[in-house]
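Notes for the one structure printed next.
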Amino acid sequence: MTQHEDSLGGATPPRPASSGAPFLQVRELRVHFPTDDGVVKSVDDLSFSVDRGKTLGIVGESGSGKSVTSLSIMGLHKAGTARISGEILLDGQNLVGMAPDRVRQLRGKRMAMIFQDPLSAMHPFYTVGSQIVEAYRIHNKVTKAVARKHAVDLLDRVGIPNPKSRVDDYPHQFSGGMRQRAMIAMALSCDPELLIADEPTTALDVTVQAQILDLIRDLQAEFNSAVIIITHDLGVVAELADDIMVMYAGRAVEYSSAPDIFNSPQHPYTWGLLGSMPRLDRERTERLQPIKGTPPSLINVPEGCPFNPRCAYAGTNGDLSFTLRPEFRDVGGGHHIACHLGAEDRLRIWETEIRPKL
Amino acid sequence: GGGTSSSGGGTTGGSGGTNTPAFNAALTNIFNPSDKKGGIVKIANGGTWDSLDPGETYYGYSWNFLRLYGRSLVMFKPAPGGGSNELVPDLAEKLGEPSDGGKTWTYKLRKGVKYEDGTAVTSKDVKHAVLRSTDKETFPNGPAYFEGYLNLPDGYKGPYKSKDVNTDSAIETPDDSTIVFHLKAPFGGFDYFAQLPQTVPVPEAKDTGAKYREHVIATGPYKFDKNEIDKGFNLVRNDQWDQATDPNRKALPDGYQVSMNVNADDIDNRLISGDLDIDIAGTGVQPASLSRVLGDPALKANADNPTIARLWYTSINPTVAPFDNKACREAVEFAADRTGYQTAYGGAFSGGDIATTLLPPQIPGAQKFDLYPAGADNKGDVEKAKAKLQECGKPDGFETNISYRAERPKEKATAESLQQSLGRVGIKLTLKAFPQGDYFSQFAGNPPYVKSNNLGLIVNGWGADWNDGFGFLSQIVDSRVIRETGGSSNTSVRIPDVDKLLDEAIGETDKAKREAQWGAIDKRVMEEAVILPGVHAKSLLVRSKKLTNVFISEAYGMYDYLSIGVA
Amino acid sequence: MSTKTETGAANRRLGEDLLVATDLQKHFPIRRGLLQRQVGAVQAVDGLTFTVKRGETLSLVGESGCGKTTTGRLLTRLIEPTGGTITLDGRDITHLSSGAMRPLRRDIQMIFQDPYGSLNPRHTVGAIIGAPFRLQKVKTEHGVKRAVQDLLELVGLSPEHYNRYPHEFSGGQRQRIGIARTLALRPKVIVADEPVSALDVSIQAQVVNLMEDLQNEFDLTYVMIAHDLSVVRHVSDRVAVMYLGKIMEIADRTSLYERPMHPYTVALLSAVPIPDTSRRDNRERIRLTGDVPSPINPPSGCRFHTRCWKAQDLCKTTEPPLVELSAGHQAACHFPENTTKLTIDPTGAAGSAA
Amino acid sequence: MITYIIRRLFAAIVLLFVVSAVTFSIFFLMPKLLGASPETLATRYVGRAATADTVRETAERLGFYDPIYVQYLDWAKGIFVGADYSYGSGVEHCPAPCLGYSFRNNQPVFPDLIDRLPVTLSLAVGAAVLWLLGGVAVGTLSALRKGTIFDRAAMGISLAGVSLPIFFTGLLSLSIFSYNLGWTAVGGSYVPFLENPGEWAYNLLLPWITLALLFSAQYARLTRAGMLETMNEDFIRTARAKGLTERKVVVRHGLRGALTPILTIFGLDVGLLLGGAILTESAFSLQGLGKYAIDGITNYDLPKVMGVTILAAFFVVVANLVVDLLYAVVDPRVRAK
Amino acid sequence: MTAPPEVTGSAADADPEAALQGMPKKAIQGRSLGQIAWLRLKRDKVAIAGAIVIALLILVAIAALLLDRVFDVVHPNEFHQDLIDTQNGTLAPLGTFGGMSGAHPLGIEPVNGRDILARIFAGSWISLLIATLATVLSVIIGTTMGIIAGFFGGWVDTLISRLMDVFLAFPLLVFAMALVGVLPDTAFGLSPEMVRIGLLIFIIGFFNWPYIGRIVRGQTLSLREREFVDAARSLGARGPYILFRELLPNLVAPILVYATLLIPTNILFESALSFLGVGINAPTATWGGMLSDASRFYTMPHFMLWPGLAIFVTVLAFNLFGDGLRDALDPRAR
């Protein structure tokens, strides 16, 4: 990728940072998995950044590389399976290529993660309390009793009733929502500065989802940490995120502030997403507007724009879409997209074709 | 087969001593003579005793060993080589005195013999011991000579069941030291009966029937200390034993430690390494150790190779077609590979000498003859065999079965060898293995089964209860011992003349004549070709280096356990 | 429902009752102890009464574990009801034996939630879609294969897929295969258990559209089970909201979404995240606390009272009946919302049944 | 939980009943079906010199004339109320649980079993500890280094362990290590643990190793498979995300999860072994239950065989029960059910 | 509504068959699961090596069954006592390394001097036959019982599970010995050898089924919860259809894998039976029988080396192949 003054990888952060360098900065991240069938390019040339106190939402279809990205940041890819290149700067330190043990020391302390399925993500044989205690005592030299008290406090804070007695329960004795709260408590046990939540509410009911989202929001305000929230539910990011990155086939296709994405999306894929969703807040449409086709293989990513096989506007500018990979560029106001469509075309299509149908 | 006991009249017994290890150094001489007392003899048994009860045991090694804790009326002399075949008085003052033409035998007991608890031994105890041994339901394993020959009341079932029956018609005890046996018919060799452990006295008050084996009340120099049935036991000195009453025993060691059910290969290893003193079964080393012992001169110098009055043979069943035709049986005799047979049993050293007759050479009366010469190399005479098949009407041979005991590799090897050699003339054998526990009762010794399952050939073996013609032949050539319900050792000899000859020989009082008759019976049986003799057994024994006063007792075909001491 | 005109929909709505559930119950026994005595029951479904009219789409919504799937399995008679009756097209099928039920299975079919689990991974697509023909011994004009290929085309797959295995398809395509299978017998009613929940939004829309098209083409009646309220609004004619094995509210789509009467429905609707950042801060939210109680020991009275912000003592003791509070709008609540027109007497309503 | 245990014990009793009935049939019904008369059966137990009368009496005494179920019930009755046995000069009461008297040497079976149990117990437990430790260690390392030389070699070597029968490896190792090198005790040595724990261990070392070799392969493979699976679980990722050291991740989180299924098989194996390690006990001349069983079988000593079979089945049942209870201890999810 | 283009299918986190995701488009066309497994297996060099060895073994076994001589010179049951040291009485083979020579490449047995190579060849078919057929028997019984127990549950399950406990609780070796000792040698007009082979197959197979039964039961328990079973039921499928058409195909993989791992165990079992005197009748050669014979001559290890090696190679081959098969059939194993 060539360097552009306005590209994300460049010196200028995508959104002018309010103070100093962003807390997390990812530059030209590539995560490739060599497999028997070929190289899976799960993440290809991805750049973004998050500031302290800010929330970045990453959305995209299943398999678009959201989880792989978050695991790369946490250094959780199994040794030897992933080929990672690029830079992941956490508070200025590059995590890519850092000694595994040093990354380990950062994990849990400076950056923490919440997973999608809290039941399988917690060890079934240990009590919830002991799992939180364990997380706390790795990074804090305290006695068990102190750590336990800390665990009870945390459980209390994430809204578990009777934390004193529930601390000795096993994960299976918790309901889904409580498990996710416990996971959050575990992640927060060492006051991490970066919190990654990978589909934290996908497994939950709407009412519980709302509780959890509120909780994350409140906690972020309290801890002032940087948060990355990964989901494929645009509604969820709309509730939480300051910035939103839309991913497709291992790449970012659109990146902007949250209102921007919802009010003036510029990438056909984002349009497609919005069009596929029935919405409670709008008039009921007669018919949904699905994106045709299925997500691409990450081994043979289509040439040109990876979205071209499913894009209704792929033909509008010659065969550009089929041959040239569109650059991810700033189209003004920190709004980044990767699309060959011209600015006017985009605006016109959005205003005339897409918006009215939503 | 019979107990592992034997005898030998012919061998000249040396009695000198030697201290230099050499192959067969203890065969006819005392090796390492010594009078030093003390030490513990460590003994192992690959299996278990049939019974430690003197009234019930039938194993040769057991009879040999039993003399340490029990005293029968008469015993074999503890002397090297042929000297051991001599009967000497033990509990009795002298050998039996016959009267009534050999129908009544009287023994006088020595004075001062006591049980381990200090009570004196009386003739009533001997009588009780003999009578109880006739209860075969309680003591199934023991020999049955007494009930066969004593003039017991009809329907007598032993002292437990026939409690108040007067048995004076069979045994009288006029006083505490006299015992008189009354037989149904004259029997010249009654002293052989009197040496049976069944005459070891059993105090009636302490007789617990089948449980007596758990604690036999000792009369010998040793008594039981700890006895765990089927696992092992210890013998310690019996302080009530008085050397003055016993001219035969030296009682050198302080005690014996016996373990049972020890892996046979392990026994060899331990013997060779000196960790063990005696392999009590006395049948020699396992095949695995054979090459080791024979291949290493140092080891070989610590080995002895005695002959045993035992014949390994194969019965040829005339009840199974086509063996109802004598010529077909003879074809087998001719076709068999004798060296193969010998090798199957372990070769010249551990197997034995090729046999052409029934009687082992050490039994008085044994004659050397060979009715079916097997060619120069002893590998069978194929031409003659084919001729016999022609005569039998089966020129192309025939098919039949051969049975053996599954647990006995040597018998398996024999069957395989016969399959090879008989196969040369077209006799096709199918091998049938049977569990040895049921071999005689259900299968090979069960005439209806044999017939219906076409067991033409039955791998078999027999050892003399003691070294004389009667002891050797009576159970294997007498057609009257064949039981239709199974369980007999004789499976193929049904020759009326032989039965008659046997009766005559038993009644014969002239020793020389009698011995000649044994030889004649042997020949008569061989003529009928119902038995294919294999080998007259020998065994390769490892002589533990720690032992003193070691020698082979020809009577038992193994080391004399009574005399052994430890350095 | 692009082609479904308002009149057409109305016509259908006037259609007769096709599937009627009356006081339907399913209690899964819990057995314990030496003799495996029943010590309790999971009251998965506890007294459902509703009708499905020919040609309409009735949706069941509710939180996880409230008994939606159980209801679906009861309607298709995959499980035996503990109580109540089910009539299909006028015929009582509540306790039909599996043998007697077999021919009726042509009329009522089910689409399953998990597009991965509902197709046998060892069977080809041809075998899967052909199974109904074979099992029901349906004669086809040009042979089973042809019929299957027609079905494949119908659901937007290629006939060449006949010999492929399910693993070669994406989730959306698999769901199409599942739909094709249910269509094979030309059923009157299709019970669809969360047909799109496992799918990505973009694919979800494809499947939703397909189901609509098929409904129009074959005059299908759907019982749609779902938990995504946005999707439900899009696809249904009527919606039933379930909570802990009971129906809390059942109404026309518009009525329900615009004037929810039951507090639970209100809470559900307000919890749905809206993809619109402008609404983020000025939305009026109702946040329920806690979780759904256990169906083994459901709360007394109104089952929702433990989480209801309007609950009063009455709710703890008396179970509110499902009553029609406005035309075509029934709710089971002592203190319903949006009922300006009707005033009800909570105490008096307690005894009367819906 | 209590009712669960009671129910299991009840099932266990039924199971023991079935096992004993089948064993009984094999020894008596089967030969009968194949044409054996009570007398032919009795011939097994009368020695060489028996007369027809004796055979009949013995058949009578052993109850062979009774219908087979009566014989079985008589035997079974002894377990609960004891039994009386004639031993010639008198009658002896065998107190409950009476598993009968040996047909061969008139020894009551139950005390014999109790007497031999410690040997088998020592053998089985010692070996089990060895193979569990060895197998799990090798399996874990293999899983963590999947596909490396170490992995392949460890798996290959462990297979060599299973390919050789123990009656062979036992003899060979005895001959090498005990007799040639003198490192280990000779065959047949056994000292009770309470007498001298050091000697006990020294004497059993070689049998332990030989026996363990046979099993550890299987355990290594099981552990490897289990670890490969567990290490892919989500909770492992969580543990790493917390910043746990790799060692803790593997041991505290990975092994803990992987070992539970192994527990089931382990319980069954130990249970089976407690019923007697026939081949090992023969090779090393250990007077345990296996040896006792073989002895019983080769002599058609039915009460012995019944005794060992029942005891062995009992151990399997108990082991299964213990495993299930242990499961509940280890896995809280099981406890809930 | 547009028909979607050709599938590539990367949407499959929860997909048990997801192994194919991301494969090139062309390679994916119309491949059955068997083909996929085969493709994966083909890449597993070690497993293929195992498979080749197994194939060779089977070839050898068939050859041994058809030809009664190996290399046209040596018969497996032919004695060569001229090559045995009868002179010294050791009965060991003359010459070094257990009598290895051109005529007897692997040496000869002590005592009777039979050719070891010939016996290994001759023994191959019986050893493999017993092992495989016993395995087949176990698989048939175990699968049927396991599938029935798992599918019907309730008292049927309890009954079958307890039955499995009964079988597992039997000391198998003890049992086999008792049974072989009691049963007759001839039956059904078969040769005694075949009867004995049949008997061993029966015993080994019949007592091993609970192991497979347990596995199948467990799998069935989880399979029957899968929605495709409900789907079949909702189409009106009867019990047998579901059992054998829907469930069984899904059980093939674990069964196959377990079977390959059971075969070597059975070979060893036969050897233990031989050792205890209840194996195949002499003089027929089997590997197990050779090993048990050899144990009597453990001081001459070469004598057991070859049958031991044969068993080892077989065990290794089957295990490696079985492992490979498992990996190939189970997408999670990668």
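Quick notes
Per-chain residue numbering starts at 1, and chain names A, B, C, D and E are given in the order in which the chains are listed.
By our rule, a residue touches a chain if its C-beta (ideal position, glycine included) is under 8 Å from a C-beta of that chain, and two chains touch if they have at least 3 such contacts.
A quick note: this is a predicted structure, and the numbers were derived from the prediction, not measured.
Counted by C-beta pairs in contact, the busier of D-E and A-D is D-E.
Distances between chain centres, each the mean of the C-alpha atoms, put B farthest from subunit C. Annotation: 38 Å between the Cα-based centres of subunit B and subunit D. The distance from the centre of subunit A to the centre of subunit C, with each centre set as the mean of the Cα atoms, comes to 33 Å.
For the pair subunit C and subunit D, the distance between C-alpha centroids works out to 55 Å. Inter-chain spacing, taken between the CA centroids of subunit B and subunit E, is 47 Å.
Annotation for subunit B: residues touching 2 or more other chains are 265, 288, 407, 435, 437-438.
Among the residues of subunit A, those in touch with two or more other chains are 61-62, 292, 294-295.
Of all residues in subunit D, those that touch two or more other chains are 171, 175, 298.
Considering their complex, residues 46, 162, 165-166, 168-171, 173-175, 177-179, 181-184, 264-265, 268, 271-272, 275-276, 288, 291-292, 294-295, 298-299, 301, 304, 308, 311-312, 315-316, 319, 332-333 of subunit E touch subunit D. Of all residues in subunit D, those touching subunit B in their complex are 36-37, 39-40, 43-52, 54-55, 57-58, 61, 87-90, 92, 105-107, 112, 115, 171, 174-175, 178-179, 186-188, 282-285, 287, 291, 295, 298-300. Subunit D makes touch with subunit E in their complex at residues 11, 14-15, 18-19, 22-23, 26-27, 30-31, 34, 152, 155-156, 159-160, 162-165, 167-168, 171-172, 175, 221, 228-229, 232, 268, 272, 275-276, 278-279, 293-294, 297-298, 305, 308-309, 312-313, 316-317, 320. Remark: subunit B residues 265, 286-292, 294-295, 339-340, 343-344, 346-350, 406-407, 409, 412-413, 415-417, 419-420, 430-433, 435, 437-438, 453, 540 touch subunit E in the complex. Residues of subunit E that touch subunit B in their complex: 77-79, 81, 84-86, 88-92, 110-112, 181, 185-186, 191-192, 277-278, 281-283, 293, 296-300.
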